[in-house]
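Both of the next two complexes hold chain A, though its partner changes from chain B to chain C.
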Partner chain A sequence: MTNLLPLIRNECTKIIKKKRFYVILLILLVLVPMFTYAQMRVAERSRDKFNSDWRLEIQQRITDNQNSLSSDRIPEEWKSYRRIFIQQLQYYLDHDVNPNEPSGVTFTREFLDNSVSLFIPLLIMAVASDLVSGERTTGTIKMLLTRPVKRWKVLFSKLAALLMFVSLIVLSVFVISYLISGLAFGYKGFNIPVFTGFQLSGDTVDMSGVHSVPQWKYLLMQGGLIWFVSVVVALLAFMVSVLVRSTAASIVVMMAALIAGSILTNMAAAWSTAKYLFMVNLGLTGYLAGTPAPIEGMTLPFSLAVLSVWGLAAIIISFAVFTKRDILN
Partner chain B sequence: MAKERAAEPGEVVLSVKGVRKKISRKWIIDDVTFDVKEGEIFGFLGPNGAGKTTTIRMLVDLIRPTEGTITVCGYNVNRNPEKALQYVGSIVENPEVYTYLTGWENLQHFARMQPGVDGQRITEVVDIVRLDQRIHDKVSTYSLGMRQRLGIAQALLGRPRLLILDEPTNGLDPKGIKELREFIRNLAEDGLAVFVSSHLLSEIQLLCDRVAIISKGRVLAVGGVDELVARNSPYVLWDLEPVPAARAILEGHQGITLLKLDEVTLDDSVIAGMGGGSVITVMDETLIPGIVADMVKAGVGVRAVHKISPTLEQLFLKLTEGESID
Partner chain C sequence: MKDAKWTWRGVSLISALATLLLIAGFVYAVGDIINPQGEALTGSLPQATTAPEAAAADELKILALGDSLAKGTGDNSGSGFVRRALDGLTQGGAKAGLLGNMGINGLTTAGLQTKLQEEGVQYALRQANVVLVSIGGNDLFRGSDILGNGTGVQAGEAAGTAEIPADNPEGSASTVQPTGVLDGKSDTLVTSTPKPGEDELTPEALLSALPEAAKRLGEILETIAEINPQAQVYYVGLYNPFGDIEDLLVPGNQAVTAWNNAAMDIINTHSNMTLVPTFDLFNRHLDKYLSSDHFHPNGDGYQRISERIVQAIR
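Then we have the complex of A and B:
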């Protein structure tokens, strides 16, 4: 009976030798400096404008948003977002905490908030989408499945290797964005307080549960949620790569789903059953920061449950199909 | 895991019984039955699309048969693939290995998938297929012949008792084909059962001991290559003058059948060489001297008598009633 460990080692070797992981690192090394530079320009500009007094800046933003509330041209949904936003800013101002204090850690936190629903899933797909379909495209699946190893073991070894690389990718995103942005904003900032626990109901914010956590702790919570999202995306991409014969098709299917998700989050507030789709539930870190959920009725436990169900279904379908299917070409 | 089954001479290594396969309501494979014994080279002959590759895929558990059983060394391939496939080395269609790995890394990869294959065994098979010069190069730099050899090395890794090669001569040059033939014969002499598929009759005739002929998903005949060929009487070509008198003599004899040109399958080169005085017969060759004497007695001039040995192609066309081989 063949052991699983050598099989997992095989799969890891293949992922590394295919240089997929290096490509991901390279993408990060190119893009993160770009975002850092953009962020730096923003910081510079507001420093010039407000003479480096962040309180003035926050006050200005509150006033701007309040003014826009009286305008008729802004839809009601946007107004409720802004009311929530104003209340949160006011909370920071009242407690004398700068929500955007420039530092490598703050940049990392914000960058991750923005990349959780599209950018990181995209990186995950670079590895996950061709794990099985790649072997079918090149025909090596025939060599793989004619060895004396049960099919579920082959698939399991691929899945295990995938989960290892997903973890590695999430870690790399954290480390690279911290190291690079630190060059511009400094490496301090782990102990800056961040407020979390805003309870949203309608357009009012319940502040009773709000508490401050040091930024490093916030980053850890964020990391956990991002890892979870990444694993679910990886499982789905993995399933698609089992079902679809070509890698290109497999990437297109997942891309379409993700992009549909990001479009839906912007317009689906009225269609409430859309909240059961996995792609509108990817922004888990929004619940930490207190940004309003795209669809009424979505909460952190709800999103976690929806994602778990999708992930579980993906595993079951992958194994059921892979172990039964005839390899015709 | 040790190979507990000791090699008995002539033991059946692969047994295929009543295998059928239905794909989207169509019977792609309709009754395939044959045995392959150890030490023999077994040919699987059929035109393209006859079901050769589908059958081979069923032998190695890539496709599950709808009906029938396939056993290797006593283990059912579909129910117990972990046991059965230990005894099988195979190349299904092209030798597709990982091109972004080196030859050695590929072999290491497949070695990890079966018990009892260590670095020493990898070195052994590399020597057997004579790839030692280039084994640490990326496979993407290999020629087709080298990939073929790497594929065979991969198939031999687990010391199989059955080697399955699907159209192994595809894409090889004549020298490579000759080398491969010798190589396969050496393996069979060491007791390996070799299963080779081909759509080329000459290939099977030159290489194999026994053959199964498949067409439209059915096995039409199984037997020794020589035995199947011998089932066909040879053609005898006569070049005579004058023809009418000669035909009368031939028709007057027992055991001689005269054929028209369109009834026979001959090489184009032979047909081109035939003059107006040609008569084609099917007959036992022992009758020839007596008939020549009769001809001379009756004043018929015999310019040439030409015996053409039967080929598998004739047999094949007879079995499939004229369906083309290629």
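Then we have the complex of A and C:
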């Protein structure tokens, strides 16, 4: 019985040596300043327009959204989205809490909300898509499998290493976006209250469950949900990398799925069966913020169930295929 | 080799801790979303009127309230009389800033009354020292609909903050069915079009809505004065948008004049309110100053209204 730990360590070292993780950090270090700068411009502009009075700005946003409700050209789903948005803004305003209090923490929170369904999965893929198919492209898989180690152990060690890096990636997204945006917006803001618990039913928002959470707790909850999404994406990318021979193909397959997901969430409201696809369910943090789900009937337990089923299926397929398949060339 | 050992230790330790933290966050988040614990939240907007006393002397802080005219519907540049008046004031050397434009398409006097109950609107009102109000057009010209089928106005009145009665600026074939333009709800549009008899704007129909709407206008101005006694209020009078339809010229003019007189009566009882007349600006010049929807002014029309406002403010 060979111990699994050295195997996992070996896989970790491989990931580090391949410098994929550094590439991810580099991407973050380039992109986050760009987003920060854009956000800073937005904040500057609204400061000019509203005499830095956020209450006036929120009231204007409410009015603008109410006006857009009257246009007949706007699809009904967008209108109900806006009605919900208006009610939430109104709630913040009535309780004198600024939903966009500028701070590094607020930026991080918003950045994570926006990146959960495409950007973070993309970073995860950068590591996951390569794990098995990379070995086949370079031919090192034969070396690996000729050792007196069971195949499932080899695959398991790869999976464990991957999950370790998933946590590291999620953590580094947090840390980097906080550190960089803090330069522009200040590092305070962990105790700003954020409202959560908006329960949506159709057009109306049930406010009875609403409660305020300090922002650090909100970030923690966000992190947990993002972690879950990332694990599922990692498992799927892992499966694809087992099934497909080349790394390029495995990246393309996953990319296509993710992008299809982001397109579908924008227009699939009419096709309700799409809610069983994993890529439509990636926006878990939306349930926390109280934004309406892309397709009616989606709730947090539903999305979690869908993602879990996909993730489990991915594990089963990966192991079944990897342990049975002949390695030819 | 020693280096690799430390890397491994660091990576494994950090990732283990991060995983634990994230799992904890996940469990907490799921619990919180599925079973949200509501709490009684206190805290409301600051009630004090901060700005007016302090900076009243030199800076004009403008807030616009009301219907699509306040919003600027029909102006291709999107400015409306609010922004144009602001530009006019600035060019004239005054220091002026726009606090906000709370104009909503299709707002009636009843709608504005509910809106004035909102804390955010009250807050904005307290910050302003110049308030531009445009309201009443939707009450008056919807009069025929009130007679035709009562549902339209009920829906409009029942709509609180969640649903705002809307008007339909790009309404179809506006010249043929004047009410189609004004009518907010698409469903009432549908129900009313097959019965053309009810769509005629008769003087009685126009005037029937007047007494109650005028009463509400009085209440609105009263409320504004209560919320911010220091602010100067400028009420933009109505014009007759149907003057170029022969049958509607005289009844329209009569109704609008009656409304403007009623408004004047109310405004004269307040020392810091002014009525800005627009009736004469548009009379007989509708083709020049109305936009393609045949109800709202176009850019030039708004420009003329704004010039009046600038004259009134200075």
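Just so it is clear, the second predicted complex is superposed on the first by the 329 of 329 C-alpha atoms of A that agree within 3 Å, B and C clash if a C-alpha of one lies under 4 Å from a C-alpha of the other, contacts with A are read in each partner's own complex, and residues count from 1 in each chain.
The rule is simple: contacts are C-beta pairs under 8 Å (C-beta built on N, C-alpha and C of every residue); 3 or more make two chains touch, one makes a residue touch a chain.
Because the structure is a prediction, the values reported are computed rather than measured.
S.K.: Overlaying the two complexes on chain A, which is it for chain B and chain C: clash or fit?
M.R.: Chain B/chain C on chain A - fit side by side.
S.K.: May I ask you to decide whether A:75 touches chain B, chain C, both, or neither, giving the answer as first, second, both or neither?
M.R.: neither
S.K.: Quick check for you: in the superposed arrangement, does A:186 touch first (chain B), second (chain C), both or neither?
M.R.: Neither partner.
S.K.: Please tell me which partner, chain B or chain C, touches more residues of chain A.
M.R.: The partner making contact with more of chain A's residues is C.
S.K.: Touch test for A:97: chain B only (first), chain C only (second), both, or neither?
M.R.: second
S.K.: Using the superposition on chain A described above, determine whether A:327 touches chain B (first), chain C (second), both, or neither.
M.R.: first
S.K.: For A:148, using the defined touch cut-off, is the partner it touches chain B, chain C, both, or neither? Pick first, second, both or neither.
M.R.: The answer is first: A:148 touches chain B but not chain C.
S.K.: May I ask you to decide whether A:9 touches chain B, chain C, both, or neither, giving the answer as first, second, both or neither?
M.R.: both
S.K.: Rounded to a whole Å, what is the shortest Cα gap between chain B and chain C in the overlaid structures?
M.R.: In the combined three-chain model, chain B comes within 9 Å of chain C at the C-alpha level.
S.K.: Residues of chain A that sit at the chain B interface in one complex and at the chain C interface in the other, please.
M.R.: In the superposed arrangement, which is not itself an observed complex, chain A uses residues 9, 13 for both chain B and chain C.
S.K.: If we count contacts the way the header does, which residues on chain C are in touch with chain A in the complex?
M.R.: Residues 4, 7-8, 11-12, 14-16, 18-19, 21-30, 32-34, 36-39, 41-46, 71, 97-106, 118-121, 123-124, 127, 161-164, 166-168, 170, 184, 186 of chain C touch chain A in their complex.
S.K.: Enumerate the contact residues on chain A facing chain C in the complex.
M.R.: Those residues of chain A that touch chain C are 9, 12-13, 16, 49-51, 53, 55-56, 58-60, 62-63, 66-67, 69-72, 83, 86-87, 90, 93-97, 163-165, 167-168, 170-171, 196-197, 199, 203-204, 207-213, 217, 220-228, 287-288, 300-301, 304.
S.K.: In their complex, what parts of chain B are in touch with chain A?
M.R.: Listed in rising order, the residues of chain B that touch chain A are 1, 23, 57, 60-64, 81-86, 88, 90, 92-94, 96-101, 105, 109-110, 112-115, 154, 158.
S.K.: For chain A, which residues count as touching chain B in their complex?
M.R.: Contact set of chain A toward chain B: 1-2, 6-7, 9-10, 13-14, 17-19, 138-140, 142-150, 326-328.
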